[in-house]
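Some structures are shown below for you to check.
Shared between the two complexes below is chain A, which pairs with chain B and chain C, respectively.
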Partner chain A sequence: MKGLPSLSSLALTLRTDRQVRARALLIARIAIALYIVELALNLIRPHVLPDEPALSIFYKMPADLAKMPGLGGSFSQLLSMPEAVFWAVLVGIGAAVLLQVLAAVLRPNERRSGLLTWLTLGCLFLPFGLISLMVVFGFFPTALACVPSTAFVLLLLYGGVRFGRVPGAALLTAFGWGALIVFGFGRACTGLAFGTINGYLGKTSGTDINAMLKNTNEMINLVLVHLGIVDALAIGAGVALLLLLFRYRVTDAVTGLTLGAAVGLGYSFVESILFIQIYGSLGSALGSSGGFEYWIRQSIGLLGGEVAFGALLGAGFAIAANSRRCVLVTGLSLLAAGGGAVGAETLSGWISARLASHVTTGGALDTLVVSPFLWLLPQLPFIGLAVALLVLGLRERAPALRDALDAEAAVGAAITPVELTVLASPALRLGALASTWRWYGRRSALVLHRLQSAQLELASWHAQKDPDNDPAVTSQGDELRARVLRLKNVVPAVTS
Partner chain B sequence: MTTIQTRLVLAGGITGVALLIASLAVDFSGSNQMTVPQMPSMSNLPTALPTSFPTDFPTGFPTGMPTGLPTDMPTGMPTGLPTNLPSDFPTAGLPTGQPDLSGGGS
Partner chain C sequence: MTARRTAYRTARLLALRAGVGAALLVSTFVLLSPQQASACDVSIGYKPSVNISDLEHPSTCSTSTSLVGAGIVDALGLGALVAVAWGAFRRSEKGSDSASTGQVGPSPALVDYLRAAGVPRPTTGGRHEGER
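Showing the complex of A and B:
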């Protein structure tokens, strides 16, 4: 990611003032409260087995059953929460409480207070990330296979928008939030919910095998609903935190959409690894294969699933932040992402089952076209909405870009009136690059691309808010201007 | 423009709710359930292990030894039983070799 802003310039826009700290801690408290409620419900659940432990996550599968092919390894990690992670989460909560007590007693200055807040958030959230790390490092070759496609989408998110671009560090943070926290927190909560639901439904079936199968089916359905909702909440929490941190930059629907998509991408990365492993080992029983899962999750459907739902959720949150009906829009965004994820998972299976008798399963046409299409079908309305929000968001940015370019053209030579016309129009920018490539070669086109990016970054600096009139922010503008002028000296023939 | 964006989010929320309801309807109507052959019911299994020993022991055990045993056992056991086994068994007419095995096994 060449052209990433330096960490110091990023720090200027990453302001952890009192409001940000208070809201970040509120989000963390809500998340931990939800986890504690899940724990309490699991503790009071009816016990189905004679010697069931107090918490269902401590249940050990009988050794003979665990040795059965496919039941150990990847399958056991589908909804599991290792004991070590459970205790790490509890220790993290204890440490976070101590840090907050320390902050209340010592009353540190702004900088230290910010540090204590981030340490608190780290203690509360990072232990959940251990679940994801176990998946990634446990199935490392599969994880490596998923890296190229994931990196491609990250680059697309970074390079796709240049005016008001989301900083690379923020994008990576969003990706990390999705991969570590959303996946880990969702699995931890849903693992507990699975035990709780099993306690209530398992009890009613008794020894009737037919009732037991029906209950298992209902249990899986409820767990899917639970997972979809918790994942949507966790994605929303990450997007809200990042939007808060970067609220002095351009934070509109496009920013939220990019951040949400990056969070969803992180989640999809870990989930893909797990599903590729599960279907790789249990494919014959489940009617699919690891290769097919790779095809739909990391190739043809890479921009679907949680990437699309995260994008929709992120855009919705950013729109809500600038809307008078903030709560309503936030709720609708969560419903879109949560309901969509549950619906897509359930209805794609239902549609496939209905069409199973009409399509030859396992053939090339089915594997490459029909099954991926059926998997994507329930998601299409959401993908369409996300694309529409992106187009509208980019259009909405056009006047802001024009104003920022005008402001810069008025004060210096970094952006001339001729360049202004080209920079304001994405079509003209692309045309300039293409003709430069044609007449001056690839190298000159790359330098021009770098110059345009620097000029758009300078324009983004004009568009960002600076309510405190921070002198550091002013000097950041001077640095960006100097960078543009340096780049102009490299390509005078192209820019003249 | 923001109004249109808000409407798009509204459309997303409504679609999300519609899909959630549709998937719940599919789930709980059993349309998405795996079809399995009808299974016989098993006998009831104990749902919990006994936690204490039984307190009511069985009663009515015999308290005394049987009385009125026979006292007049037979006396005067038989005498003059044979003391040696016969030694001169008949030998004439008995086979002297083994029969051949079927299949020509050697």
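Showing the complex of A and C:
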């Protein structure tokens, strides 16, 4: 893709130094420690049924129950962890330990040490992604139906901000982290927690049907809280890792917000597929349908849910990185994203239950107005906050863009004074593109678009931080300048 | 020319006001009129309860109605993007001298900008260059 920066220029801004490797391994160790705690708690849970396996995830639904319409297939994947994935995770942990022992014994150079770190992270995290892949490929037609809307939002995230733009590869990595790791890790941990909670609550209810119903409600509440916390932590881990990798580029609230939204979008993509399938098969019993889930999750609420909460978390993390109260801001971001996700879903359900008593659902008004309104109402303050952070972040960027453009205009012909006004204003850039298309045709407009993108990338290079004065970063500036001059058909002056 | 433009602007403003007013009126009527309304289950947090009457007379938020809604939202979203682009284009065109003088063709400001940017401006075969 011509608009995307080349991989070599991206690699220059990727810093896989010792600090990044140490932090990445720390994040992985915390995640695996959390998973092992979940396993241990599940192992020591009280057993409700006489023939229950040691780990609840190995429990097989009785054959006659599994044959009931809707209860097999998609529904069984709501919080489950297939046995194969469980063993793959254990093998991954073993392989990661071996790789780290190898690194400690061999003491490799920087490049090999980096490679071993990324291999270790792959062994630890990728097996969780198998859960997501099983959902995506298991319900492939539904996944295809969700692709256009998801791709549209990804393009918006990529094309919406051009100065200090998040590289396309980073955006896709963030999306992949959300789709594979956040969804897989969240389901793996919450599947275990579900068994543990069921063990404790099921034991107290015995055979009393009222107590069982009460416990089921409590169980759903606890599972929601657990899923919200684990998902927020996993989204935060991904954003933190990406912000660290790109920390010498422009990493402000807008960068964090974009990355967080991309992680949330990846998560929402897989979750939507699963819910569309579940409600598609259990629709008549639950009062919803697969198409309704598509409408809520991939249309009217596409920018809500984990996309909004992920954006909030990402912006919070980026602000925390540049703040003196780093721990406080990080904690508040996690609270806002995790608590918001749980609170919004619980509150929507609660209001819906109050409305639903003795009333028939299913009309056009319920489908098109009431349901999305109640789903999005509790999320609105969080969506508003994310939008406010985006607007404030973009306003803060405006003077930085002007300074960067002035700095470049002072040193060469890549940006001339005549171009400054247009390049500094997103509205004028868009207007110039549209007018060029109208008067000179598509080809000229495309040339202008490429040139503006290259010039803004050069301006972003001026704005990025380089405390180490790395010669590679300086040469990257020369490369970007040469690229702009090539697009302008200007022969660059020979410099000694 | 100016009188025509003023009349066009007034008509557009009136149409916009009438549209917004009608939308508000319809929304208020729909929401305040006495009817039974409820929300369909969206997620785990809705704690779905199944009872026998639901199974006998299933009433769901149907796929067909939902897809109509999705189509409307898609059209509105794309329309909003086109409107933003159109607005930027109009502002850009209005900012030029040619718009005020009624001259047909690219504004001098655009020509200067494209010249400085080194963007090719086809003089033969260009879409509107011949109109100048």
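Note that in this section the second predicted complex is superposed on the first by the 478 of 496 C-alpha atoms of A that agree within 3 Å, B and C clash if a C-alpha of one lies under 4 Å from a C-alpha of the other, contacts with A are read in each partner's own complex, and residues count from 1 in each chain.
Everything below uses one rule, namely that a residue touches a chain if its C-beta (ideal position, glycine included) is under 8 Å from a C-beta of that chain, and two chains touch if they have at least 3 such contacts.
None of these values were measured; they are calculated from a predicted model.
Of the two partner chains, chain B is the only one touched by A:322; chain C is not. In the superposed pair of complexes, A:388 makes contact with chain B only, with no contact to chain C.
In the superposed model, A:217 makes contact with both chain B and chain C. In the superposed pair of complexes, A:209 makes contact with chain B only, with no contact to chain C.
By the touch criterion stated above, A:331 is placed in contact with chain B alone, chain C being left untouched. Of the two partner chains, chain C is the only one that A:355 touches; chain B does not reach it. In the overlay built on the shared chain, the residue A:346 is in contact with chain B and with chain C.
By the touch criterion defined above, A:51 reaches chain B but does not reach chain C. Comparing chain B with chain C, more residues of chain A are touched by C.
Residues 217, 345-346, 349, 353 of chain A touch chain B in one complex and chain C in the other. Chain C makes touch with chain A in their complex at residues 30-31, 35-48, 50, 54-55, 58-70, 73-74, 84-86, 88-89, 91-93, 95, 105-107, 110, 112-122, 126-129.
Across the complex, chain B is touched by residues 50-51, 206-210, 213-214, 217-218, 221, 225, 253, 312, 315-316, 319-320, 322-323, 325, 329, 331-333, 335-340, 342-347, 349-350, 353, 378, 381-382, 385, 388-389, 392-393, 395-396 of chain A.
Per the touch definition, chain A reaches chain C in the complex via residues 78, 217, 220, 223-224, 275, 279, 283-300, 345-346, 348-349, 351-353, 355-356, 359-375, 416, 418-419, 422, 427-428, 430-432, 434-436, 438-441, 443-444, 447-448, 451, 487-490.
Contact residues of chain B toward chain A in the complex are 1-2, 4-6, 8-20, 22-24, 26-28, 30-34, 36, 38-49.
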